[in-house]
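Here come two complexes built around chain A, the first alongside chain B, the second alongside chain C.
Here is the complex of A and B:
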């Protein structure tokens, strides 16, 4: 049963902000795939909801003048997986969005909700971290832009005040152009699951050397994280097994997974090492890098684990 | 011929179109909704309870607590009543309880105008507990001075022991003796439809319970016992059911729903469990630990065997010790040896109550046994298939304890078929000396199962057939269709035996204990074997009466006639005489002789037939990621003659899927400090999705079982038994690592692979 005491539909962002300002108890609902679960679990008694489902501009996925990809916060995962602009420019995000829940969840759930929920396990978070995504937030004071790493403040905590609406997720050209990526969602099931660990790698190669590496994890810390030291050590290096091993080792030192009944810290650390190697290897392969010893069955990193 | 053909399910169309009504689809005027107030501790008792605020909430019709329910306790297991009091199930449960025995135990209940108000009222109830440390393991339960979950039990529900032959002498005579331990996990049935029922007082003043049950007649008796009223004052109605798998071979929601309607003047009260409640407050599969000791000769003949089982039952007995004891029976009925002993112990714990679940103790026992057989074969350097073949029981074998005779066994053929399907010999060679992070392996495991519970349990089944004016018939059974396809198969049987096309045979799918023939229900893979014989007998009676009436109409001797495809025909050449419809019409309306053709029989099956089979599987193990991919899996069954190949294959695929979950994914977890369930929902409890399920190969070996109505044997439960040990043995073949504990989760795999040095630390290559 859903204990909902009030439900208001906003048709514009301004209206949504006004409705929120008028009601300190109001909670934003978009796809509902997180909010409805909280209500069912009794975590939002007598919930008062402001729906932004009817705001058309929030569903838009478009290219802005400087070739920044702007993804409306209310774009659903299904929309993302099918949008040619995303699959051409941000295939890493297409890959991650296609691994969220199951078809029904992907039809309901939105990328904005995925981020605003503040969960470290959000499937889109690691790719967005890798893309240096910036979040456009509109509030009573106007519009501001926040880097995604500053947006996540802790488990379930994001830099969003009451009355603020995330309107778009922005990815600048220099953050995607020339990159190849790979997202590995490691979960117990191939669908309808949350990640035990998620790993996104984006790499730009020049002459078989790493020009730039971006490595990000979900569920490896209280919030999604990047691995700056690992990225640094990869710079300029030739792509080979030694580099992958170094990346795996370094990545482990940059994550802080928790010990829980779902998975031990030790197991998650092990996965961080394995997945970072595999994700980087696959990203390099997608960037056109071919191993000299591809046929060697001793080789690690036979593609992503979870498709 | 109708039996043996893949006719479409008789309930297929109404189910896929959504027309079929399940309990929650049925609404009554003035219906009220009940919610249960559950304990937030696993072990202790309620010092005080305050329900005043809940009672005062507008819309609340009744609030009842442990103080309001009958004092006496009752048993919930879905077994037939036993005239011998010593052989009845353990009566250890009251409708509501002050003593808390598991997290989520039922303390109070609220009845309100809607579910929402009922839930709100629950939040207004306050209790004060005295809490004890939770008992979650056998060691805790059996520790000297451990708090008793049920007074006077020392936390032991029962223990049994059988010995055949001189076990010590046989071990002494064995060339080799091996011993190992294996353990299984607590899992839940996860039927698509949760436990749900509603109850009201009908026009006869009876308490009617409409419920999702496998056992309408038994549930009626349990409700009568629980409320302390004559059993005939209770009526149980079973509409379409969305799966049971044993959890509904138990009275879970019916007694309380029945009681609650008496507190609101007989208004209908719906008691519907959520998925979360179904996990903790219905039934689960017993987690059982085994130690098996086996003596063999140099030639690989089993000489002596000793099995020990310790079974965790949860807070209430439900099916209790029957599960571990059943394991002991099949332990003995699959391989032969000179001496054997089996000891089993079942203990109470502060966990969800374990009851019946598909396989009834055999998936647990067979996991342990088939792992152990594999290990022994490897130890003595014998091919594991040859080792098993050398020792399986064969046709003519008689079980010394039950007297069950193996009339037919296709086990050896099943094994041969499995070998062929998976290309065992060729692949074995191909898979030698693997290196690298991904490794493949082959495994197999055998099972035995029974068709019903005879001679341990009573096996009665009723069938009634009525012929309409047009020569079509209605079949009524007390046996329950719960998704497995029994209604379809009963129609095929009636059509086959009477001589009608299947589209002239209709079945009443609903059971109403005021109306339906008496049957025990859907469990023990019994219905095609036991109820099938009742249907056959009723159909034979219909056929005999039809032919006799045709003789009256034609003066042709009965012996000269037969019925085929809806026609009365000459037996010797099949020439058509008249339609069955003509006979039927006359039997209804002939002014002098009218006597519509009907039959109403009860069959008491005092026989049993062992069903056999095996799983063959090829896995690929990803060592660093701890993932197991099932590349190929085949279940090969000797279930005697197959009644409907398509439905049978569906049954096998469903069972194998359940077995795969048991092997690799599923386990209920509890906080060791509080006993609180950690993953009582379908996100955290890893029931496989379609995306995790491989193609499942199905084959049947079909000997004709003479004790059965149509040559058939058990099929419902067997498919779930062997996937887990077969996969374990395949992982062993792939990696050399033994996993003796279920489930074989990625974390467990990685931990053991690391310990075995299989995961390389510093790969040099890209």
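Here is the complex of A and C:
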């Protein structure tokens, strides 16, 4: 038995907001894979739940005007891995969503929950940061849009007030068109694990040179982060081992990982350097470019970090 | 104690129950419906022992609230054999020695059955990924993957007799 003292179904976003406003203890539940575990761990005693599972509009994945991809917050990871809009326009997100937990978890967990928990380790976070995703939030004051970089405020903390509902995640055409991406989830297990470090790279090439690079990490800082200086140094560069080495070194300077039971700070810094090189190299390969093998002084390039 | 009425189908039978809002589907299936083939392993969605099919897709029933089952079609291991005849997936698990203590088996069979019914073909690596939500302490997994491969391989004789709709 879960320690639930109250359970209410919202049928519309407006109803969910009203139910939340009426009850300061109420917590939103969508897929449930995070909230139920929190309840199990005693973090939400006598939990009072407002379920948004029945709100159909939150499950839609569609194109809005000017080809913005709008992902309903209640879309499950399985839906993301199968939806043609995502696989055609945002394959980086398809890749990341397919690495969350295992199949059973992906059938129930939602991208909205993944983001709203504010965990630096969310697999969808680094790709969404790479895409400059904006979050559409509906609350008592109305509807607002927040850039994902502003949404994350700290470990477990997001810019969501009590009566707020994340309704959709928006990715504009200019942020995905022409990009090829790669997401690497480094974890101790190949599945059913939380990332020790996640790296999302998206690259747009022109004439074998980098036109634009997006590089984002999860679990490399208190919140997911982009690497603007690394992205800047890659602009206009030829894709070769020297560029990859430069990217690796620069990425390390833009992350602040911590020691945790999963890994030491030093190991995460090492991962940041290695994964950024591997992810960018793979993104370039997917963009149709055959780059040199990344320069590799130690002689062992396949360290298994790509598992 | 707060309860709710739910109406759902379990192994083909329409069922109505009054469930506690705190109850997981696992608890409902095991304690109210005596479907003890659905196993509680970790109770936290980590091991897959409690996997059942909900509208054809595998879910960990331990982290699925009973109230969510309203209107759904649930399938557990008890519903797989028909009139004493084991399903193709069950036969494959036996013939490939993929069952030792048997605790992980019901969940694995449900997930493998969903794969088989989906009609897609999978490489061995893809099978491993699809079964990654299950833990087995006994077999070392190779025989399980062998069984899934066997169950998913096209079978000329069976296709001749079976329309495939009930599997």
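Definition applied: the second predicted complex is superposed on the first by the 290 of 307 C-alpha atoms of A that agree within 3 Å, B and C clash if a C-alpha of one lies under 4 Å from a C-alpha of the other, contacts with A are read in each partner's own complex, and residues count from 1 in each chain.
Criterion: contacts are C-beta pairs under 8 Å (C-beta built on N, C-alpha and C of every residue); 3 or more make two chains touch, one makes a residue touch a chain.
Being a predicted model, the structure only gives us computed values, none of them experimental.
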State whether A:1 touches chain B only (first), chain C only (second), both chains, or neither. both
Applying the document's definition of touch, where does A:67 land relative to chain B and chain C: first, second, both, or neither? neither
Tell me the contact category for A:242 with respect to chain B and chain C: first, second, both or neither. first
Classify the contacts of A:104 with the two partner chains as first (chain B alone), second (chain C alone), both, or neither. second
May I ask you to decide whether A:186 touches chain B, chain C, both, or neither, giving the answer as first, second, both or neither? first
Between chain B and chain C, pick out the one touching the greater number of residues of chain A. B
Go through the superposed model and pick first if A:53 touches only chain B, second if only chain C, both, or neither. second
Considering only the touch criterion stated at the top, classify A:141 as touching first (chain B), second (chain C), both, or neither. neither
Is A:78 touching the first partner chain B, the second partner chain C, both, or neither of them? second
Taking the superposition on A as described, I'd like to know which of chain B and chain C A:33 touches: first, second, both or neither. second
Overlapping contact positions on chain A, where the chain C interface meets the chain B interface: 1, 3, 102, 190-192
Residues of chain A that touch chain C when the two form their complex: 1-7, 32-33, 36-37, 40, 53, 78, 101-105, 107-108, 190-192
Where on chain B does chain A make contact in their complex? 115-116, 119-120, 123, 435-438, 622, 624-625, 627, 665, 669, 671, 678-679, 682-684, 686, 688-692, 745-747, 750-751, 754, 760, 762-766
Chain A-touching residues of chain C, taken from the complex the two chains share: 2, 4, 20-24, 27, 43-46, 48, 51, 57-60, 63-65, 67-68, 111, 129-130, 132-134
Which residues of chain A touch chain B once you look at their complex with the stated criterion? 1, 3, 42, 102, 186, 188-194, 196, 239-242, 244-245, 261-264, 267, 270-271, 274, 277, 281, 291-294, 296-302, 305
